[in-house]
Every structure is written in C-alpha cells, then in structure tokens.
Amino acid sequence: MNRQILQILRQVEQGKLTAQEAMLQLKLEPFADLGFAKVDQHRALRQGVAEIIYGEGKTPEQIIGIASSLQEQGQKTVLITRLSPEKAQQIQTQLSVQYDQSSRMGILGQMPEPDGIGTIVVATGGTSDIPVAEEAALTAEALGNQVIRLYDVGVAGVHRLLAHLEELMSARVVIAIAGMEGALASVIGGLVDCPVIGVPTSVGYGASLNGLAALLSMLNSCASGVSVVNIDNGFGAGYLASMINHLEGKA
Amino acid sequence: MNRQILQILRQVEQGKLTAQEAMLQLKLEPFADLGFAKVDQHRALRQGVAEIIYGEGKTPEQIIGIASSLQEQGQKTVLITRLSPEKAQQIQTQLSVQYDQSSRMGILGQMPEPDGIGTIVVATGGTSDIPVAEEAALTAEALGNQVIRLYDVGVAGVHRLLAHLEELMSARVVIAIAGMEGALASVIGGLVDCPVIGVPTSVGYGASLNGLAALLSMLNSCASGVSVVNIDNGFGAGYLASMINHLEGKA
Amino acid sequence: MNRQILQILRQVEQGKLTAQEAMLQLKLEPFADLGFAKVDQHRALRQGVAEIIYGEGKTPEQIIGIASSLQEQGQKTVLITRLSPEKAQQIQTQLSVQYDQSSRMGILGQMPEPDGIGTIVVATGGTSDIPVAEEAALTAEALGNQVIRLYDVGVAGVHRLLAHLEELMSARVVIAIAGMEGALASVIGGLVDCPVIGVPTSVGYGASLNGLAALLSMLNSCASGVSVVNIDNGFGAGYLASMINHLEGKA
Amino acid sequence: MNRQILQILRQVEQGKLTAQEAMLQLKLEPFADLGFAKVDQHRALRQGVAEIIYGEGKTPEQIIGIASSLQEQGQKTVLITRLSPEKAQQIQTQLSVQYDQSSRMGILGQMPEPDGIGTIVVATGGTSDIPVAEEAALTAEALGNQVIRLYDVGVAGVHRLLAHLEELMSARVVIAIAGMEGALASVIGGLVDCPVIGVPTSVGYGASLNGLAALLSMLNSCASGVSVVNIDNGFGAGYLASMINHLEGKA
Amino acid sequence: MNRQILQILRQVEQGKLTAQEAMLQLKLEPFADLGFAKVDQHRALRQGVAEIIYGEGKTPEQIIGIASSLQEQGQKTVLITRLSPEKAQQIQTQLSVQYDQSSRMGILGQMPEPDGIGTIVVATGGTSDIPVAEEAALTAEALGNQVIRLYDVGVAGVHRLLAHLEELMSARVVIAIAGMEGALASVIGGLVDCPVIGVPTSVGYGASLNGLAALLSMLNSCASGVSVVNIDNGFGAGYLASMINHLEGKA
Amino acid sequence: MNRQILQILRQVEQGKLTAQEAMLQLKLEPFADLGFAKVDQHRALRQGVAEIIYGEGKTPEQIIGIASSLQEQGQKTVLITRLSPEKAQQIQTQLSVQYDQSSRMGILGQMPEPDGIGTIVVATGGTSDIPVAEEAALTAEALGNQVIRLYDVGVAGVHRLLAHLEELMSARVVIAIAGMEGALASVIGGLVDCPVIGVPTSVGYGASLNGLAALLSMLNSCASGVSVVNIDNGFGAGYLASMINHLEGKA
Amino acid sequence: MNRQILQILRQVEQGKLTAQEAMLQLKLEPFADLGFAKVDQHRALRQGVAEIIYGEGKTPEQIIGIASSLQEQGQKTVLITRLSPEKAQQIQTQLSVQYDQSSRMGILGQMPEPDGIGTIVVATGGTSDIPVAEEAALTAEALGNQVIRLYDVGVAGVHRLLAHLEELMSARVVIAIAGMEGALASVIGGLVDCPVIGVPTSVGYGASLNGLAALLSMLNSCASGVSVVNIDNGFGAGYLASMINHLEGKA
Amino acid sequence: MNRQILQILRQVEQGKLTAQEAMLQLKLEPFADLGFAKVDQHRALRQGVAEIIYGEGKTPEQIIGIASSLQEQGQKTVLITRLSPEKAQQIQTQLSVQYDQSSRMGILGQMPEPDGIGTIVVATGGTSDIPVAEEAALTAEALGNQVIRLYDVGVAGVHRLLAHLEELMSARVVIAIAGMEGALASVIGGLVDCPVIGVPTSVGYGASLNGLAALLSMLNSCASGVSVVNIDNGFGAGYLASMINHLEGKA
C-alpha cells in the first residue's frame, strides 16, 4: 500500500496530478489496495497452493462459475468444501471434480506437492469423527502440507494413541478431533511439544449437546499449547495448521 | 415389617385386637416401620461402620447433640461432612473431634478396620481436586474400606497415570475426580475393568462453568463402566464405592 | 503383559534374542499387549458372554463382516446396538439376526445363561422409556445377567413402585430409567440398599430440554448410592450393571 | 367502575356536567378507578386479612412508615417479607415487630383467625428448604388459612411422606417445596387430588444450578394438577394457595 | 382402601382367615388398593366426566382398544390428546371419533354438561397459540367445565385484552397461554383476583428458545396468583383449572 | 379517540342519548377506539405506506382475504412476510403478487415513493445473511424509506466495510445484520454517529448456537448507539428503522 | 478528514512538502484523523453537551485527572458513571462532584439546557429498577434531553401504566426498564408510536437468571419498534435515546 | 527413551542383568522416562528459558520451596502466575521476587534474552483486558519472546487498530484479548496472515455472561487462522504463542 500511496504522492509532487485529483484517486482506490487485503497478494507469493471455495449456500452454477474462472487464471487445484452429494453430481456434469463423500469436499485438478516445513498429524477420537478429520486433512493437503492420519485413537483406549507416539512427537502441528468428551486434545497436548489445534465434533448424543461438551472440555485443557476452533470446523483447523506449518524459521 | 404386621394380625386372630383396633394400629404405625426404612436396619447388620452427619446447615449445637447421642448408643466412629473450620472449633470445645481441613470433615472416634472386599482407588486430575478426593476417601474409609490415593495423575501427563497401572487394575472400584476437562474418568475407564465413579469438581475458571464442563465430559465418556455423581460430591462417590465394595459374591 | 515382556527378556537372557531384536519386538508389540488393552484378555476369561457391536455409523456390510468374523471365532452371542430397522433388514438377508424393534437391537445366536451373582432390576418411569430400558436389559442379558423388568412405575403413582418393593429390595443393582422429571432414581435410591444407575431419557417436551431436566434431577439425587450415565444410554447402564453384578466376593 | 362512569354520564344527562367537563373527569380519573385496580377493593371486602410489605429494597424507615400508616388505618396484621435481621432490629426500635429468623419475615400485630375453606399443607423435601416453607406458611396464615407443616419428607425416604398420607389427602391445596432433584411435587401430585403448587428452592450445589434443576424437574412433572412458581418464591406459593383456599363453592 | 383392609381384618376376627392367610392377602393386594391410587376411586364419584387417553406413543390399535373398553364400561366421553391426523384417520375407521385438527384431539361420545362452579377463561397472546389453547379448553370442557375463549389478546395491543375485562374478572380460573415474551400471564394476573395458570408456548423464533423465554418470563411474573406449567402443556393447564373449578366451598 | 368519546358525551348533553345508552355505547366501543390502538389511526395519517401481513401460520386463503380487503380499501402496497414459496404460488393464482424468494416476501401493488428523512443503510456480514437483510430492506422500502444495501462487508475483511464509509456516515439509521460472531454491529457503531440496529442471524454452525452467539455479541457491543432485535428479525429492524427515519425535527 | 488530507496534498502540490514528507505525515496522522473518529469532532459541534467518563475500573486519581483536564478545556458538564460511593468520596476531596447514590453517578458542573427535539420517557416496571433508570435518565439529561420519569408502572398493574398514556404517547423515545418478566417493553411498544428501547435489569431472583429472563422477554417482544440493549445498561439506553432525540428533520 | 531401554536390554544381553532384574528396572523406571515426559527433556535443550509456577492453590511456603529449588538447579528466571498480592508479600520476605500487580505475576531473576523467531503482538480490546494481556505478555517474554503490546484497540474504534497495521502485519503470532463482544480476534484475523490466538476475557456485565459471549464470538470467527483458549487464560495464550514463535524453519 505504501508504494501505491507514494506513487500518487509523487505524481502530485511532479505536477502530474492536482491535489484534487490525488484526493479522488485515494478515495476511489478501494481500501483493499491500501494493504488490508492480505489473502490474494500473499497467495500470489506461494504458487501452486489450492484455492478453496466454501460450497455451502452457493448454487452449483455459482460454484461452476467460480471454479472455471479460477482454472482459467491458471489455478491448478481448487477445493470445494461443504459440498452436498447432489450439488457435486450437478457440478460433475460440467467439471471433472473428484468428490470425497466422507468430508463432503470436491477436488478439481491435482493436489499440490507438500511445501510445508514439517508434517501435520490429524488424529480422531473415534471413527465417527472422520468426516471432520478428512475436511481438515484434505484442506491441509490442498494447501501444500504432508498429513499423517491417526484415526480412532480415543482416550478410552489410551494404548491405541500411545502406539503412535513416534508420529505424534515428530509432528509440527497436531489437529486433535473428538466429539463426546473431547479429551483427546488434552492427552495429546500432554504428549507432544508442538501446537495442538482442538476440533470438537458434534458426534455424540444426549449430554454431548451437539458438541458443546467436547468444546468446553477442550477449552479447559490443562495441557499447554492447546487451542480450539469451532465445532466441526475441520476446514479452519486445516487452514490454521497449514499456516503454522509454513511459518519460516530465522532468516 | 412383615413381622410387625404379622404380630398385629396374630393379635386379631387371638382375639386380643378387634379388626377396628388393628386397623387403627396399622394406620398409626408409621410407614417407616412397614419396611421402607432401610438404612437403620441394614446398618445394624454391619457393626463398626461409621455413622455420617451432614454438617452443612446444622448448628454446632445440633451436631454435638447428634454426635453425642450416637456415641452413647455405642457408635464407634462418627464422621461429620461439610464442616466449616469455625464450627469444628466450636465442636472441639466439647467433643474430641479430629478435623481434616482439606476435606472439611470431622472425625469422632476411630476409623473402623476395613471390611470391604477389595480396594478403592481415589484418583484426581490435579492437586486442587484433593479436597473433594479426601471427602470421598475418608467417607470410604469410615465405611470400612481400604483406600489407595492416586493424586495429580491428570491426563495432560498421561505417563503419571500409567505409572500407577498396577494399583488401578487391581482396584474393585475407582473414583475418578477431576475438574477442568474431566477426561480422567474416560482414560481410567479405558484402562480398568471395574466400575469407575466420576466426580466432576468445580476446580477451574472461565469455560469450566463451575464444574459443568467436567460433568458433561464425564457423562459423554466413551469408556464403558463409567457413571457420574454431582459436582464436588465426594461423599456420594465414597458412599457408592463402599456399597459396591461390600457387595458379597455368590453364596 | 508382564509375562510377555518377561518372555522377551528371557529370550535375551538365553541368547535367543539380541538386545536389538528385543527392542524391535517391544516396539512392534502394540501397546495393547503391554497391559493397557483390558477388554479382550478379560473377555477371554468369561466364555459365553456376548460380543457387542455398536451399530450406529456402521454400514450393514461392515456389521455383517464383523459379526461373521466373531461367529467364526466361536462367539455364541453377538449383540448389535443402535441398529435401524432398514439396516436390520439388510443384515437379515445374510445372517439370521433377530431384531428387537423397541430397543433397536439385533441379536445373533443365543442369549447366554445368566452367570451374574444377583439380579438386575430395570425400572422405568413411563412406557415411553421402554426402548432405552430394553437396550439396557438386553445388554445385561447378553452379558450374562438375570434381569427383572419393572416398567411404568413412575413416581407420579408411587404405589405402582411400592407394589414391587420385594423385587427392588432383592436386586443387586437397579437401573432406574426416566425422562421428564427423572425422580425415579431418587425414590428407588431411597428404597433399596444397592447401587442405582440412573439413566435419564429424552422423553418429554418443552422444559424437559431433551433429557437435560431428568439428567440434572438424577445428579441432584439426595439418595445415596445413585450415579448417572448419559441421556438415553441404556447400553452403558446395562454394561455397568453387569460389571457390578459380576464382581466376585471375598476369596 | 361501571358505576362511576355511569354517575359521570348521569351528571351529563342531568345537565350538571358539560360533555367537555365529563371528558376531563374521565381522563383525570386514574384508570385504577376504572376497575382495573383489584387488590384494594377486594381486600376491603375481606376484613381482618393481613397486609403484606415486600421488605427487600426498602429502607427500615420506609417500612416503618408504611407499616405505621397501615396500623393507623386499622390493619390488624402486617407481614413484612424478605426482611434482613439488621433491618428487623432497626424496625423493632420503633414498632413491636416479631421477627422470624428462618423465613426472614416480620409480623406486626396478631395473625388472623383462619377463614379459608380447607387446610393448606406445606411440605418440604429437606430441612434446608424450611426457610422458603416458612415464608409460604406464614404468608398463608397471615392471609387467613390453616396450615399443616410437613417438613423433611423428601422422596429419598418416601416412607416419611407416606406416613402423612392422611394430612396430604385431606388438604385443599398442597405447597411442595424442594431443592436438589425437586421430585417432591410429582410424588405428592400423584398422591393427592387437589392442586399442588411446586416451589423449587436454590438449596443444593453443583448441578443443582441454584434451583434450576428442581425447577425443570417440577415443570416436567408427570402428575396432573401440579403447577410451579419461581425458585424460592415461598410468598407467591402462599398467596396463590390462599387464593385457591378462599374460592367459594356454588351459591 | 380402608374398607378392603377392614374386610380382611374382619375375616381374621371372624376366624375365616388365619393371620398367615391375611398376611398373604395384604401382600398380594397391590399397594394401589392401599389408598394411594386416587384417580379411579375419585373419578367414580363424579359420573359423566370424560376419561382422557394420552395419544402420543400409542398405536391406533392400542387407542382403539382402550377407548372401546372405556365405552363398554359406560364411559360417555373419551378424549384422546396428542393424536396425529394419521392415527385419527385410522381410528375413525372403527370408532366414531370427532377429530379437532387444531388441538390434535379426538373426542368420542358427547361432551358432558358443565358441572364446575364457575367459568374458566382460556386466553392466548396470539393466533399461533390457539392449538395449545384448544388442548386446554377441550380438556376442561371434557372434565365438565364451562370455558370462555379469549384468543389473540396479547400484551402488544393491551386494549384487546382490556375489552374483555368483564369476562376475565368474572372467571374462577384463567389459563393464560402465550409464546414469545409470555407477558400475558403477568398482565392478566394483575387484572384478575383468581388463580392464573400460565402456559408458555413454543411459538416464536430465535431468542424465544422454543418457549424457554416465555417460560422464564411467566415464572418471573410480579403478579401474585400466577403459577406455570410446562411449555405447550395445554392438557395440564386444563386439568388443573378443572380441579380448581370443582373445589367445593364450605360444607 | 377523544373525539369519539366527546361525540358520545355531546349526544348525552344534547339529550340524544340517555346515560344508560351512552354507557352501552362506551362499552361496545372496543377499547381500540379509546386511543390504545395506534397503528390504524396513525397509519391513516401517512397515506401511501404499505400495509404488512405476517404470512407465517396463515393459510393462503386467509392471506388472499386480508390482502384483497386491504386493496379494496384503497391500500396501494401490501407486503406479506415469512411467505413460503408454496403459499406464494397458491396466492399468485388469484392475486398479482410479486414474490421475492430470498426474503420470502410477497409484494402486492407498487412500492411507495420514499418519504423518510434520510437513508437507511442495510449492511450484512456475509452473503448468507442476505435473506434477513432483504426482509429488513423491503420492509423499510414498503414503509417509504430509501435503502442502501451494503452486503458482505463482514469484519473479517474490514477493508470492505471501510470502502463504504461514505454511505455509512451519511445514513440516518444503519441496520447491521450478521451471524457467526456478530461483530459487525460494534464496528459500524464505532464508525457512525446515528442509531445502529443490530440483527443477529442464525447463520453459522456449532458454537454459533443458532444465532445466540451473534445475539450476545451484539448486546455486549462496546460502541454506543447500538441496540438489538431478535435473531433473524429483519422485519422488526426494518420497521424500527423506518420509525426512526420518519421522526420529524423541531416544528 | 478529507480536508486534512487535502491540505497535505495541497502542500505537496505547492511544493511545500515532498512526497516522502507527505507520506510520513499521512502515516503519523492517526487514523482517527482520517475520518473514523467521530465522537470528538461531532461533539465539538454541539457545545454544552456533557462529557461522560466510565468510572468502573478507573482509580479516583485517574478520574480526577481526566475530569480536571476536561474542565480546563472548558467542558461545563462532566458525568462519571459506575462510580462507587468510596471512589466518589475520594474524588469529592478534590473536585466539587455531586454524587447520585441511586444511579452511582457523579456530576461535575451544571446539567446543560435540553436541546433535543422531543421528550424522552424513562419508565420502570418496579422501584428496584430505579438505579438503572436514573443512569439512563441522568445520561440523557447530561446529553441535553428533557426526561420524564415514570417509575413503578409495571405490567402486573397495567392501570398504573395506562394512567400515564398521555406522557407516553407524546414521547419521542421511550426507555422501558424492567427486570423479572420484562414485559414492560412489549406493553409500551404496543401503546406508543415511537422507538422503544428496552433495558432488562438484573433485578429478581431464581429464574430471572440475573436479567436473562427479562432480556429474552424483551427480544421476543411482539410489539414493533422495540429494540434492546444489554442488561442494566442504563447508560447505553440514555445515549441511544439522546441520539434519536437529536436527529434533525428534513432540511 | 529408546536408548535407556536399549541400555537395559544390552545389560541383559551381556549377562549384567537377569531378565528378572531387567523386568524390575523397566517397571521402576517411571513412565516419564519411557518418552512420554516431554517437558523436562525438551526444556533442557533450550537453556535460559524461564520455569513457570502456577501460584493458585499453592501456599507461600510451597512456592518458596519450589522456586528456591529451581534457583539452586541454576534456573535464571522463575515466573509465578496467579499470585495474590498477599502471597507475594509473604514470598518477598524470603526471595527477591518482583511483583506485577496488574497480571498478578511474580518474577524471580532476570527475563531471558528473546530467542524466538519473530515478534508476538499482544492486543486488547479495552483497558480492562490489560491484566489478562500482561499475563500473556510476561509469560511470552519469560519464555524468550519479543512482545509488542497494543492495548485498547477495540473494534468500536477500528481506526485505533488500523493505526497499528504495521506492527500487526509484521507479527509472527498475534494474541487478541477481548471481553464483551470479543470481535477483536475476527478483525485482526482478517488483517494479518499469521496465527491469531483469541483470549476471551470475563470483562463485561449482563449478557457478557462472564466471558461466554466473547468466547462464543471468537469461536465463530469468520476469519481463518483464529483459534481460541479458555476465558482469561493469558498464560495459555502466551505459552502457545511462544511455542509457535520458536518453531524452526526447514533445516
């Protein structure tokens, strides 16, 4: 932004613009251009990364439109989240989208090569948490991360989790996904030395209160290094994990 | 009860009572005598067990009165729960009560010899859960049980818990006490093969919601064999554990 | 576990294994073998007990696969919980499963002979609580317990409950199942001298809050010896009751 | 009201008032006088009944002022609710108020003779519910009702309640007061054939949620004839019970 | 009950029964016969009153069976609550049931002549509350009460309510039914001098929380004489109102 | 109203009515005529404004009846809110109603010319909030206001909002509509100097609790000048905004 | 803001600033100067209006400092909200602050002359709501509004409210303040034709849930023109009411 | 761990240990040594980092003991969190602890030199959030991070936040701390391209529900890269931020 404003100011200095004209330009210039719009610019710097379309509430036509336009701009991978099977079918009549029933995601093009610094472990308490886990895992993969899946390693059988200590302890970020009592985040948080992102899921019944019990449980984790995203928010966890996994070291 | 009714009936049979008079006696006889009042009768069968006074809401004078009367009846151990230090001091001027500051319990007389079948393990997630744990442990001991205390073995450091596998696995009942995320009950429930009684505690802050988070977490335990009592209800857990620990085997 | 580790160590001692090889074996040996995996080993000791498959979230094919494999291993009884009528029908095309519509459970093979120490009473407040009660009762029966059903004995007609005092007072464990105000657990807890497992149900409307009212009510029981499992968790109650009913007496 | 309006209209008819003047009078006449103000007029018809002052949030001076003025108007009994001991002491320096510590009520003058149709039973689950019960009972007595107190007859010892069947079944209204699981209202509702007013109390801890558990429990009562007032609202229950107990039969 | 026990006692007195045999009879005699079962006996005293079947959770066959049996016993009016249109249609193939779509109630036979002491006013805040109101009104009518319906008189147009002051003030009981802000109970409670039964409804959206807002509002009514039943519980309100409306005056 | 009462009073004065007859007329005259019924009279003063029918819970026939009657009375614009597509179709067979699928509103006749004092800005956080926004916007337009729509200007991309500072700062009222974290109301409230009406929407999942999170967020706004209406209540916000936008200045 | 930026741009145009220097100035210039900071500038335009200091969380010294500095700048009225009596006393040792115990507000200097367009009515349901009401009323007065107080006009005695119809109907804004069932906002909303700002208060007990019941009630108001601010937020309501009352009419 | 086990195994291989002795050693070896105990080992690798003692629930004596022992072991910095002023004073009699009143933290020794990769920005919505912010900031500093504090930059004055864009956009992690509506996390999340850790605070009143409103708001953030820790958990946020800030880049 500074450069753009400076250019305008320089044009005034050089008499190429009057103060009035500069004023107008500054006002017309959308604020996005003033530096607040991070995503696109930064994205541009990391070629090959997937673009992600939030599918919920969009018609198949809208999705086809956006996806086609992205492909035309040279985007190699396009991910569509929260995509119902019906919409997926309609989209597949026009675009060669691969549909992952479990995570309800559509993938257009090829997954990028991992360019993250370490690996991201995606762990779930039970098998019913897998749809959320796949949303997280595919999001992370589409954003250029290597993902290790550890499914069904819930705390009611802590040995299953301990059998995977090595994978856990070598991860750069762990995404811990669990419904019901949501204790997985705490137990993992106590085992590893890297950030743990807790994702409560709405799996369960009765006093699980559609994921609130797991959410509260994770927020109360007595393990350090644990933070939490919204219930069932696999995408958010995958995105944040990727962000952390792409943080560069010291120059 | 049957005997008492039978006696009345026999007196009618023998002409000692008219039907009318019997009718009146049956009506006057409090229903307690008709068999619904279990505690006292059953207590009578297990000599040596402590009597327990719920101290909250009772004046020191009331407590002294009840305790003295129990001692006079030959009760060797009297436990007073939820007893404030102030009340304890006042009572100590008249009775030789030992006061346990942590659990806020007063003990009159000697603890009975354990006569339960196995051992009861009382485990806590953190050190702040100890007051509730001591209420559970002392209650169980006063009711004639051998108690093993495993404190500060919370799930954020699962190795601390695993270091005590042997004690856990040899228990007849485990009381799992934890605030914050309350995952201890699940993890223990997955390790042992005996009933686990979860006691959520009000330890924590913010989203712990004064113990509700731990309560919900324990209710959602995916481990089998886990049930839950009210928040901070150490007494209830100790009492139930003792009940289970005194269940006889096959005749 | 100790024996298995000891065997490995002995093989090293005897020169049959190098330290490296032993190391490898210890690492390959899943942690389950290191003693944390209780279920299978313990199960093995109590032949004839049913194996239970949690049907929710599993496809008919998956269920058929697991059940067949269990039968092949000689399992005489297999119970499938939370099984929808549709899935049951599909499974019945390949396996001779008996389907209990009320509890939504499928039974493969014969129920085992009761080998528990006493009887388990399953009581419900109303007729609408019966599905949860049957889940509890069938689970307990499949795990080798004698079950007495006392249905529709809710506290709004306390005489119905009192008419069954004898059954209640001779039980080794009582499962008290109720929706709406959930007072059944307290009233029974005051009548009997054995553990009472409360199961709140989601029966009710309005301020029943899908079972939360009954849950809170049961947790606040002023009767001693009452603990609670999750809303509608008939299976969990049946399992815990069986566990308690199989606890052996003193050697 | 009709009479007052009619009088004004008649004065217009008779030329004593112009339409304009009548208009003004109708507007000046507070609506209270138009018939909406029930309490005073109706009160006037039932002499001897106590006047009640809500003490909370009023200064001792204000209370003394109101009470004195009521006495001067010939009021024989004045009841002051929610009165702290400190305020009571200050008031006692100027008025001969009897203070009931348990219910936190002050009584000025003599209780009226009962003029209600039947008796009101005030029952509590435990001894800690007595303050609320006394607020209800004294309110009812001050409004001219005969009150039978059945305290500590909670459902965890249902025989205690059954021992008082006769009193319960002969009542015209029952006030059932209970904290914790609040089941008392349901059990009584199932035993009696008259209206039952449930009063949940804030007695309890943890999952009692300051009386919410008991409130929800009572609202979900499966017994017919039960309705509920606010938590700890002894006054409201006593007032409503008195209202029902003074309903006349057929002319 | 007394009579039955007395008969047994008399038989002992007369030597027709031994004490043992009497004992047995008393034990076999269900407790219902010992006086706790109020409904039937009392019902018997008030001939002509409708019997009410709770339709929810019962099959059409079950309902037909119960209703037929009641008719055979001479019951003139049978009301079926919470009856879906589908079930109603099935029942109508065998019984001449009139179906009220709004309240989802079925009526078999003729409504009884009103024999209550006064009138019951059923008032609603809006038109969407009418289904609950009709459940209350028809229940009350079936139990022998004269009902005045005041629908759509909510507090956001208080003049509509005031236009019916006369009906309100001449009622013996008022049932105030409202969703959303539920203020109707308070406003009516302030206008009338008789018991007001508040029925919150689940009408509304968003912060109405399915009737919880109205429920809380009614419980907090600052008008005396107001009590509350469960959300949407029209039947409960109608039943309680009838109970109050049949309370006899002084002998 | 005054005039109507005055007319009656004058007729009495002139001997055209007796006091009795006047009394009767006053009683028959619905209270609405006594001045409490604001809507109609005031509406009458602002010709051309639309009449609004709340469609939910009304049958197509009822809506057609009301709408036709309004048109016959000369109403130029009739708006129907919360109208399902199915009902709209049925109504369109008889009336030329334009249906707006997004806001689920039907429009009969022409929108009036804006006669408000300033402009109303309707802003949304995301595109999923648009249905609620259109309900607000169309309501405001139908009531004679000029509306500027700023959609998808949520706080997670604050530059989008800042790009519209000019429109925001020149508004007389702003309606801020947002689900999820609902921060839009606060941010706008901090930018503008006019009343901001917050409308939380039920858009979101998990911890959005169907709009409760946004509702609480808006109520806690630390910006002055912000008030809130019910979740998804676009109509209420549009109505209130119009009311404020039609407040006249000093005479 | 535009003028300030334009000035900088003009200085560049005139060669008085280099582009670099201008850049620096633009960056140093806090964004507040770029137009987002409304309060101060707008305040400047309406001389005589009070400045308001939020007292909570500030030390007496801080408050004295801010207030003195404001007075030195010529501010005639300074209001301090949420001021404890202790702090007030300390402040009074150095500044001649008048302290209003009820609203916990301190007033420095003289209240300004009203310059709003109409009057603001502040109505409360009970006398306990007066502290919040006074916070609203004094805030509005300090911001230059004429305020009419209607206290204790709650809906349980609707005639008290109707007696003040004239004041209500002539208001430009009404602030309706009520705890407990919070129905006041709805009833007033149905009577008046101007914006109604609901302020729920934390007055009440039990199911009032510290004001949540009143809050939900107000949000569910079926009267149009009602919006709500946070519980006990008298200041917010007074500020918003003043804002609406100063909205100018058409030029 | 592997090395330690291998050593034991090698000793067996070499005949230095019998299998039995090895077995014993493996059992005695605390599980911490088997690799699950991360903290100490890893800590050892990063010399100079502070050790942190959680002060709540520990006596001054306990804290002095732990701190002294840590100092003796050569620990240069010891931080004590949640330390009351009273305890701090007692500790200061024996150790030269610097006490920070705002964050309630005690510091023993010198803060380490920052060795993190980038800077951590700690931003708060208001001044009342500063105690939590200081807990986060001091924790991060004690763990070797450079911290930039941006206090009182809440969203109701978004220009204050935008004035610090540069600091925000150059951060490696941002901690966003806010009570009330908690929107700060979302707005910052939309501005920066690095992980944002939201910390809701219990600042606020009424509908802030002690921080729950802010918590829900942050969990619903529509900005990507935002995760949340418990209410008021400044320590947790500072610890996690430090963890992220010390993640190394690619080797």
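For reference, chains read A, B, C, D, E, F, G and H in written order, and residue numbers begin at 1 within each chain.
Basically, a residue touches a chain if its C-beta (ideal position, glycine included) is under 8 Å from a C-beta of that chain, and two chains touch if they have at least 3 such contacts.
All of these numbers come straight from a predicted model, not from anything done at the bench.
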*Tell me, please, which of D-F, G-H or A-B gives a repeat of the B-E interface, judged by over half of the contact pairs matching in residue number.*
D-F
*Quick one: report the Å distance separating chain B from chain D, using the average Cα coordinate of each chain.*
39
_Need the CA-centroid distance for the pair chain B / chain F, whole Å please._
60
_Rounded Å distance between chain A and chain G, as computed from the means of their C-alpha atoms_ = 42
_Multi-partner residues of chain A (each touching 2 or more other chains)_ = 36, 157-158, 162, 190-191, 206-208, 212, 215, 219-221, 230-231
*What are the touching chain pairs in this one?*
A-B, A-C, A-F, A-G, A-H, B-C, B-D, B-E, B-H, C-D, C-E, C-H, D-E, D-F, D-G, E-F, E-G, F-G, F-H, G-H
_With touch defined as at the start, can you tell me which chain G residues reach chain H in the complex?_
30-32, 34, 36-37, 56-57, 200, 202, 210-212, 215, 230-233
*Which positions of chain E touch chain D when the two form their complex?*
35-36, 38-39, 42, 117, 162, 165, 169, 172, 190-195, 197, 215, 219-221, 224-231, 236-237, 239-240, 243-244, 247-250
*Which residues, counting only chain A, touch chain C once they are in their complex?*
127-128, 157-160, 162-163, 205-208
*Can you list the chain A residues touching chain B in their complex?*
125-126, 154-158, 162, 179-183, 186-187, 189-191, 204, 206-209, 212-214, 216-223
_chain F residues within the chain D interface of the complex_ = 2, 5-6, 9-10, 12-13, 15, 18-20, 22-23, 26
